[in-house]
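Structures incoming, each one as structure tokens.
Look for chain A in each of the two complexes below; its partner is chain B in the first and chain C in the second.
Right after this comes the complex of A and B.
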């Protein structure tokens, strides 16, 4: 049984439907990537799993629970953690406070201590910055803090919306390693990424969205070789370019 | 500075309150409790301080919802008025002791806050502000017409013998000072606790990023309603205090929009979302208003409003964080200069 399954999900933002018939699955232990051009519905699909928007059709199941009938604040308690786009830390709270709020309703000091230690082992830098206000850190550190905050609820599935956005190459590498590490620790990962090559290299399977529908799906390694990939992102038929090349214009 | 350990008390408080600050707080409170000894025969000063404490409490309670949770209300007079009317009606119609009436006022105002909050919290930012204004105005109009609550004439509390059991003091008004001061101390300690508790952090989270709070597994509506209940309940007791102090309540003095404005203005001026802000705001604004009232007497009744207006403009332009942010930026500059 898949850990997460969306069945024919349709989402409307206000009166405008932006996602149709989206069915995805995430198996335990997988890294799954949602790819697609801007505005194709990646974040909308992810937000629908954490119930931040309204479904017009379809169902969402997580670990045997019907997510589509839950209020948003109940979803994290199932073991779904969502790191929103652009990290969305609480800017005037310290790193420590941001992490603590991520633990949700957990109050047992022993469990909290364990979770803090796990995040600090993963990101030693966060421990150094424990008492620092979140918006005084660099973008990469803030992204780490956001992932750390997502881990504080001890999720089975971590959803990360554009973890690499605005990061330096050094931090990209660090975040990539972290995601792989978390996956080895048994957390399933659903992520959104703009950098297609990097995302395909990191993930096991991918879904490629276009204009609110899933256009292509399969193992990431296969998709990377697929001629359709270019077609989706650049809206051109592979092999048959419509533009005039300088060489032919010269004739 | 040594690297902090994984955390000590596992509370939401980032750092424990410094012992020095605790000592200063209680020393200050102690001095305030002694002041009435020197105010014999100075009714104006006594009244000024009593009113400052009362409005500081009102500012604190507004700040819970407006400052910490970021839900700006311009309708808080309704909770003040509902509190005043609750204890007064309970006393006039059922002979309920005003102290118990005060507790009833807390319950009624808190309940009203929750009932009003459920629909109004569906609205965000300025739409919420307008909704609170409209609800408060409707309650003002209803109470101005409703004969059971005295309509526009209001309700007069019968004079009872002075004494703690009657919550009435006639010749010697010092007990009102003690009651108002005690309210301020209790509410301030409550706000300090709340600010450092999980509730406080979730409220601040809602102010900064409501969707992020929701995605972390908290129901923003539930926490806003908690903040509203605290905020409205405290104002309810303030209403009872006012009724017992003035012994006459009428819609224009306890339910009117000007009270909503001053209650919001005090913490905004002093420093929104800070513990000291409402106290500083109340000291400065009420001192101005009481002295200008005396100085300009009848002809200058609204001079205080002119001064408020000017102050708001100056602060909005140069110091939107209020007096507290001015103090902290001055401190930062001083520290830099010292190094």
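Right after this comes the complex of A and C.
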């Protein structure tokens, strides 16, 4: 049984439908990537799992629970953690407070200590900045803090929306390693990434969205070789001569 | 002009300032959590004052005694206003939220006028009679109690918001509602809590005021206009800013009332407000 399954999900933002018939699965232990041009519905699909938008059709199941009938604040309790696009830390709180809120309903000091230690082991820099106010840190540090905050609830599935955006190459590498490490620790990952080549290299499977629908899916290694890939990102026949790679075009 | 007189003015200004601050903090709390300006805030004050005055005239109970009950009842009233009215217009356009609280203001004022008439009511021979002399400063007892009560209430609210778990959740919702939802925080309950706490603060302020201020259906307008200026001056949504600005305004209006004429005492307050927002549109402690 998949850990996460969306079945024919349709989403409307306001009165406008922006996602149709999206069915994806994430198996335990997988890294799955959502790819696609800007405005193709990647974040909309991920947000629908956190119940942040309005479903017009379809079902969402996580670990045997019907997510589609839950209010948004009940979703994290199932073991889903969502690191929103552009980190979305609580800007006027300290790193410590941000992480503490990430732990959700956990109040047992022993468990909290364990969770903090895990995050501080992954990101020693956060330990140093524990008392610093979130918006006074660099973009990379804030992204680390956001991922750390997402781990504080000890999730089964970590959903990360564009973790590399605005990061320096050094931080990119660090975040990539962290995601792989978390995956080895048994956490399933669903991520959104603009850099197609990097995302396909990192993930096991991928879904490529275009104009609110899933256009292509399969093993990431296969997709990387697929001629359809360029077609989706360039909206022209594959094989057309161009010096721009899909990776850089996606920016 | 003696130093004693200046001190006298300063102390009574501070006392009034803490009441202004308490009223403004409620407004800042609701704005911070929900981005909604409660135009019926003054009418919440009016209700609290009527409750205190009638508890005294009908039941013989001093506002000092009824204060906790008024505060708790107002908490319930604030929560009810959220669930019965505000929650329904939350997803709507900005102007529907403005009209909702504005409509509530008109309704509550008219309801008070209909029920109690336009007469002024006040508490005579309160338990807190007389004056107190402290180091050359003479102050009426009700105002001392009001100032101390307002400081205590503000301190409690501060501890709740900045030192407790539920306060952290409240701040999380005010700083990033969507992120708070993904952390498992029930934003809807936090909205209700903000309305409840704001109304409870007003309940305390109304009880304390009723000992030395008369109540009539439009009494809210007197205080709430100052409260809006306080919140805007302190920085929208900032509790600390509302406190600082409230105290500053309290002192300023007492001094200007003394040196100019009492009918013009708020002129320098509004002038100061215009001057400050001209250079700092987000207020003194507002987030840029």
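FYI, the second predicted complex is superposed on the first by the 239 of 251 C-alpha atoms of A that agree within 3 Å, B and C clash if a C-alpha of one lies under 4 Å from a C-alpha of the other, contacts with A are read in each partner's own complex, and residues count from 1 in each chain.
One rule holds for everything that comes next: contacts are C-beta pairs under 8 Å (C-beta built on N, C-alpha and C of every residue); 3 or more make two chains touch, one makes a residue touch a chain.
None of the values given here were measured: they were computed from a predicted structure.
Student: Looking at the combined model built on chain A, do chain B and chain C fit side by side or clash?
Tutor: clash
Student: For A:117, is the partner it touches chain B (first), chain C (second), both, or none of the two (neither)?
Tutor: Touch partner of A:117: chain B, not chain C.
Student: By the touch definition at the top of the document, which applies to A:130: first (chain B), second (chain C), both, or neither?
Tutor: A:130: touches chain B, not chain C.
Student: Counting only touches as set out at the top, which of chain B and chain C does A:96 meet: first, second, both, neither?
Tutor: After superposing on A, A:96 lies in contact with chain B but is clear of chain C.
Student: For A:73, using the defined touch cut-off, is the partner it touches chain B, chain C, both, or neither? Pick first, second, both or neither.
Tutor: Once the two structures are laid over each other on A, A:73 reaches both partners.
Student: Is A:52 touching anything from chain B or chain C once the two structures are fitted on A? First, second, both or neither.
Tutor: Touch partners of A:52: chain B and chain C.
Student: Let me test your reading of the model: by the given contact rule, A:109 touches which partner, first (chain B), second (chain C), both or neither?
Tutor: A:109: touches chain B, not chain C.
Student: So in the superposed three-chain picture, is A:230 touching just chain B, just chain C, both, or none of them (first/second/both/neither)?
Tutor: Once the two structures are laid over each other on A, A:230 reaches no partner at all.
Student: For chain A, which side has the bigger count of touched residues, chain B or chain C?
Tutor: The partner with more contacted residues on chain A is B.
Student: With chain A superposed, which of the segments 3-11, 21-29, 201-209 or 327-335 in chain B collides sterically with chain C?
Tutor: Of the candidate stretches of chain B, chain C runs into 201-209.
Student: Overlap the chain B and chain C contact sets on chain A and report the shared residues.
Tutor: 50, 52, 71-77, 82, 84, 88-93, 97, 100-102, 104-105, 149, 153
Student: Can you tell me which positions in chain A touch chain C when the two form their complex?
Tutor: Against chain C, the touching part of chain A is residues 50, 52, 71-77, 81-82, 84, 88-93, 97, 100-102, 104-105, 107, 149, 153.
Student: In the complex formed with chain B, which residues of chain A make contact?
Tutor: Touch list, chain A to chain B: 50, 52, 71-77, 82, 84, 88-94, 96-97, 100-102, 104-105, 109, 112-113, 116-117, 120, 127-128, 130-131, 149, 153.
Student: Spell out the part of chain B that touches chain A in their complex, as residue ranges.
Tutor: Interface residues on chain B, with respect to chain A: 3-4, 6-7, 10, 12, 14-15, 198, 201-202, 204-205, 208-209, 211-220, 222.
Student: Would you pull the chain C residues touching chain A in the complex into a rising list?
Tutor: 165, 168-169, 171-172, 175-176, 178-187, 287
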